[in-house]
Amino acid sequence: MFGERFKVSVFGESHGPAIGCTIEGAPAAFWLDVEELQKFLGRRSPGKSKTSTSRKEADKVEFLSGVNEHSCFEGSPITAIIRNTDTRSQDYLDLSEVPRPGHADYAAMLKYRGCNDPRGGGHFSGRLTAPICIAGGIAKQILKHKFNCDIETRLEEVGGFLATLRDPNKVILEAKRAGDSVGAIVSCSVFNFPAKIGGPLFDGLEGKIAQAIFGIPAVKGIEFGSGFRGAGLRGSQNNDELFVNTDDEVEAVSNNSGGILGGISTGLGPITFRVAFKPTPSISKPQMSVNMRTMEPVKKLVVKGRHDPCVALRAMPVVEAATAIALYDAWLSESSR
Amino acid sequence: MFGERFKVSVFGESHGPAIGCTIEGAPAAFWLDVEELQKFLGRRSPGKSKTSTSRKEADKVEFLSGVNEHSCFEGSPITAIIRNTDTRSQDYLDLSEVPRPGHADYAAMLKYRGCNDPRGGGHFSGRLTAPICIAGGIAKQILKHKFNCDIETRLEEVGGFLATLRDPNKVILEAKRAGDSVGAIVSCSVFNFPAKIGGPLFDGLEGKIAQAIFGIPAVKGIEFGSGFRGAGLRGSQNNDELFVNTDDEVEAVSNNSGGILGGISTGLGPITFRVAFKPTPSISKPQMSVNMRTMEPVKKLVVKGRHDPCVALRAMPVVEAATAIALYDAWLSESSR
Amino acid sequence: MFGERFKVSVFGESHGPAIGCTIEGAPAAFWLDVEELQKFLGRRSPGKSKTSTSRKEADKVEFLSGVNEHSCFEGSPITAIIRNTDTRSQDYLDLSEVPRPGHADYAAMLKYRGCNDPRGGGHFSGRLTAPICIAGGIAKQILKHKFNCDIETRLEEVGGFLATLRDPNKVILEAKRAGDSVGAIVSCSVFNFPAKIGGPLFDGLEGKIAQAIFGIPAVKGIEFGSGFRGAGLRGSQNNDELFVNTDDEVEAVSNNSGGILGGISTGLGPITFRVAFKPTPSISKPQMSVNMRTMEPVKKLVVKGRHDPCVALRAMPVVEAATAIALYDAWLSESSR
Amino acid sequence: MFGERFKVSVFGESHGPAIGCTIEGAPAAFWLDVEELQKFLGRRSPGKSKTSTSRKEADKVEFLSGVNEHSCFEGSPITAIIRNTDTRSQDYLDLSEVPRPGHADYAAMLKYRGCNDPRGGGHFSGRLTAPICIAGGIAKQILKHKFNCDIETRLEEVGGFLATLRDPNKVILEAKRAGDSVGAIVSCSVFNFPAKIGGPLFDGLEGKIAQAIFGIPAVKGIEFGSGFRGAGLRGSQNNDELFVNTDDEVEAVSNNSGGILGGISTGLGPITFRVAFKPTPSISKPQMSVNMRTMEPVKKLVVKGRHDPCVALRAMPVVEAATAIALYDAWLSESSR
């Protein structure tokens, strides 16, 4: 569950009957562009190209409540589901005893005492990012409508190579051919988000965005503005100096702060951050693991199932969605004081 | 305010009568080692060396409630304060109209309509990390007592130099002499934290820790395990393979996951992450800014006041404190299901 | 949304495709008795007798997530739905402009700007108590399993007559025949709930239970133990004196406190409270109202649709459900400190 | 801790160094009338008349943070304390083993394992309603300023006698002379609170107000509008019919709903409710109890200390305060959607 006022709760297992989300706090009488939302979801849908899993899911959103027949929000909680259709559970049956390296399997086996659904990662599955995209796609439309706010992502690095210097698809296919996978770095920029949102200490905007972004499976790092690079600079290099522009407005000469200072949006530049995605843990290269029932070593575990060799590609709309959820919630939490 | 079950709320302004915190959720009948707590607070106190501000504060904790005369928690909310004594407000008077680059001043002026306390950063001040250390020092003692859990930090880089290759104090003093400041990278390791804590998606441990860490002023980035470096690796390099050790226990050959997979602590290695601190924005080198009342440019703003040329040094116990708060809260939120 | 650790979020409209709830915080590996749950839901289902609405709904629970094929909780969020089948929307079409007295219509028209679903009360409908019964039925089974805890309700008064002195069905049918409805008082007793749960001030158990009970449509009052009657007594009459019983245990001579003192369960008697239900606002007797579009008076509004002449009868399992949700959440919030 | 957006956390023990509260969510740049607040607090201060305890406390508010020297809110958390001065701890020393009937002592002994402060009720003390009055007094001023909203209480019944038919002071003094105490019923009316605040089910305004009111020690019941009396009526009697008045506005002929329908404020009448206070449990009449250490019966426990024979009198401003906190929080949670 995420959010204080725009509350999003995600449910479902990768191989259960349906996945979905319940949303509280969306504005009554807001008209939703369902086609736009469906298009947004399409960006993370599988089965599109050689660089993604061959699992095919229509990912068609179905509203159970909160949206009337004119696509208008009724003011009550919105529940939307996506039915699971193309599930090949047999691929996963032998996984219930042998945790896959880099996956949640080991911890989940301990934690849920064997009752969680191991197929396709169950509730841990990347497939659960589809409901995040429903809620985030809605938040994105609201932010666009209210502030003309745009949230954009860009693929910065794949497998250690700058996307500008080497074709990411090539890097991914190379790894795939080797039965392997690659990590990636994605950047995100938010334009026209209002100033003055957030607060010092635990009310900060960075913490709120970070919490939402780490909700995306495979994310292992986040940095705002100059981030880790800025940690190697001096104050005189990293500070964003201010001046008065020709329209008599305050402007900053740089945006090392990533648009946030003291936890508050400054409005002096887009909110910018970069996200580190680890390489997909599911690989067909043999790996060592352990049979948890027999406690025998498994020398050469080959992970079957259909997987993306680089999750970051399809995760880009999810980054936008999580950001939209965090920012709309932050705005709602502030606006009336 | 932070936490769902170990709730910490921090209050105070740098130059007001007192700073402090209110804590709900500490266990009744827990005996607090007050001397240990005071020593922990001492690690972030100013006025100790040439590399920190010359402001001197005893930072003596005073309990207003929740702790009885035998230093035992009563089960009711704990409120602790530290009185402000050495405040030189006159240093800040001219700042109320001219925002300092890299500081929250500009956003705060817009947001609080001139009613916030500009002196020493008010509620944005690094001084507010002292109450975080009170709450975190308490959480640290509880975690130590319950699980023999240790939380340790290390200075990794200062001003772009590895701490192992160049004396950090030297790097800091050099910058200070130049009227400038430096950023730094701090790593944190948590030993003996129990497995199975956390959950997938928005319940993840990384998101919770990140939210707490971004509550520390000047933090601009966080990465778990192999983090941004891992984003450049392949799955076969980044996955932590598993084996059975001679004690018939499952063990991992590496800890690229930073002890967390699928948002859950694995118990297969310490929880590890790295934090990027930006360079202290307060520098005496002249910078450009704007007088917000007259909208005249200020060509050469020199920030007076007493400031640390590198906040990361004194922030190390604060990283430990924020981590302890996040982890104890995460554990409390799980333990009885 | 209700709860801090057993979080229940209810969604759906009376005449939409489905109603349901999402539950976080149920214990992994708990085996649910689905038949028992379905039987519990049956107690509030309509269409059973002459004293309830003739709308017939199977109210069959369908789990979309969180429960595996062996009816075992997986540890992930549980989403359950009930499909709406027998909906006669045409009964409600003329209501969209004329608020029914005693209903939420007037406030909802202002608030949701015409986008809420007016049919059958939409999200305000008593039908939404079915999802509360799903979540509460689950909590009830957990409490029974953990503590052998029983939650029971009794019909105390109907239409001003003590249920022991005049047959409630007769009172209800009399009102129904007159095109009218009646209110009622329901009592609830909780046996074997553990002591020591709750806390002083805003952490009190009475406040938590009250919040859950007022979540049931038509509830207008709640009193614990001797309640309003106790307000007319003296301390020496109302205090529950203590003694040592023959098993060397502390016992109370009376239970005027309703099992709660200082906001904490005492374990010295069942938790007891009484709930006031107003008479069903939907009556076929003509009433005055206003056409909100034309602002013309409506002299003789006759509310059509199929309605219970006394909601309290079918609301009794809902009282048990809301109580179970509140108490299980309270217990979870306490147990690990 | 109470509230989602106007968060109030109360701390302190009756006989510790200080009591107080921390408040988040008060509007920046709001000017507080400190004198008015102090006067409001004066209404619940002890030592004023023969019908209240002879303990004398100045109850002078001291702001540690969040309020600047011009009594203007800075936008940061507000912490206010009241120092305890007139504490006669020796009165309570013998209570640490023998729970007083009608008090939290028994449950607290079990729960806090002897570490809570037994003197004067510790954190359970009625004295802790002073910080509620600080936070509520602030909320009251904000509501007055924003909406010209007035919150008023009236003493309805004392010891079973209608206040209009028998002088309450006389009833109280009579009980006091007999070494006894009396309960009371207090009504509360809120004028000019905006319509459209609240929501169906668990978002309802009744539940929110009830939760706040049950945070006041000694409250055992609450009813809105016609409440328990309404439960004895028919729908045609209890529904508030609507008409168009001469100013062409919708008006209700009665206010049996207490200004709330479907959990939402209607604006068609003041929000009204009645609160049942139990008789003060501390009485000097001898009562039976048990020595919890020796498990010996205590035949004639006489409760010493200075106590109000009727808490409701001084609790009236506390009812107003708790109501103001709940309503301002509810309004903040709604206003920007």
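First chain written, first letter: the chains are A, B, C and D, and each begins at residue 1.
The criterion applied here is as follows: contacts are C-beta pairs under 8 Å (C-beta built on N, C-alpha and C of every residue); 3 or more make two chains touch, one makes a residue touch a chain.
Just so it is clear, the model here is predicted, and its values are computed rather than measured.
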Comparison of C-D and A-C (more C-beta pairs in contact): C-D
Chain at maximum distance from chain D, centres defined as averaged CA atoms: A
Centre-to-centre distance between chain D and chain A (centres being mean Cα positions), rounded to whole Å: 45
Interchain centroid distance [CA atoms averaged], chain C/chain D, Å: 26
Euclidean distance of C-alpha centroids - chain A vs chain C, Å: 38
Chain D: positions in contact with at least two other chains: 1, 10, 28, 75-76, 108, 111, 123, 200
Chain A-touching residues of chain B, taken from the complex the two chains share: 1-2, 8, 10, 99, 101-104, 106-108, 110-111, 123-124, 128, 132, 157, 159-160, 175, 178, 180-185, 195-196, 200-204, 206-208, 210-215, 217, 219-228, 230-244, 248, 250, 253, 256-258, 261-268, 276-283, 285, 287-290, 292, 295-297
Chain C-touching residues of chain B, taken from the complex the two chains share: 4-5, 25-28, 75-76, 199-200, 331-333, 335-337
Touching residues on chain A, where the partner in the complex is chain C: 1, 7, 9-13, 16-20, 22, 24, 28-29, 63-66, 68, 72-79, 81, 108, 111-117, 122-123
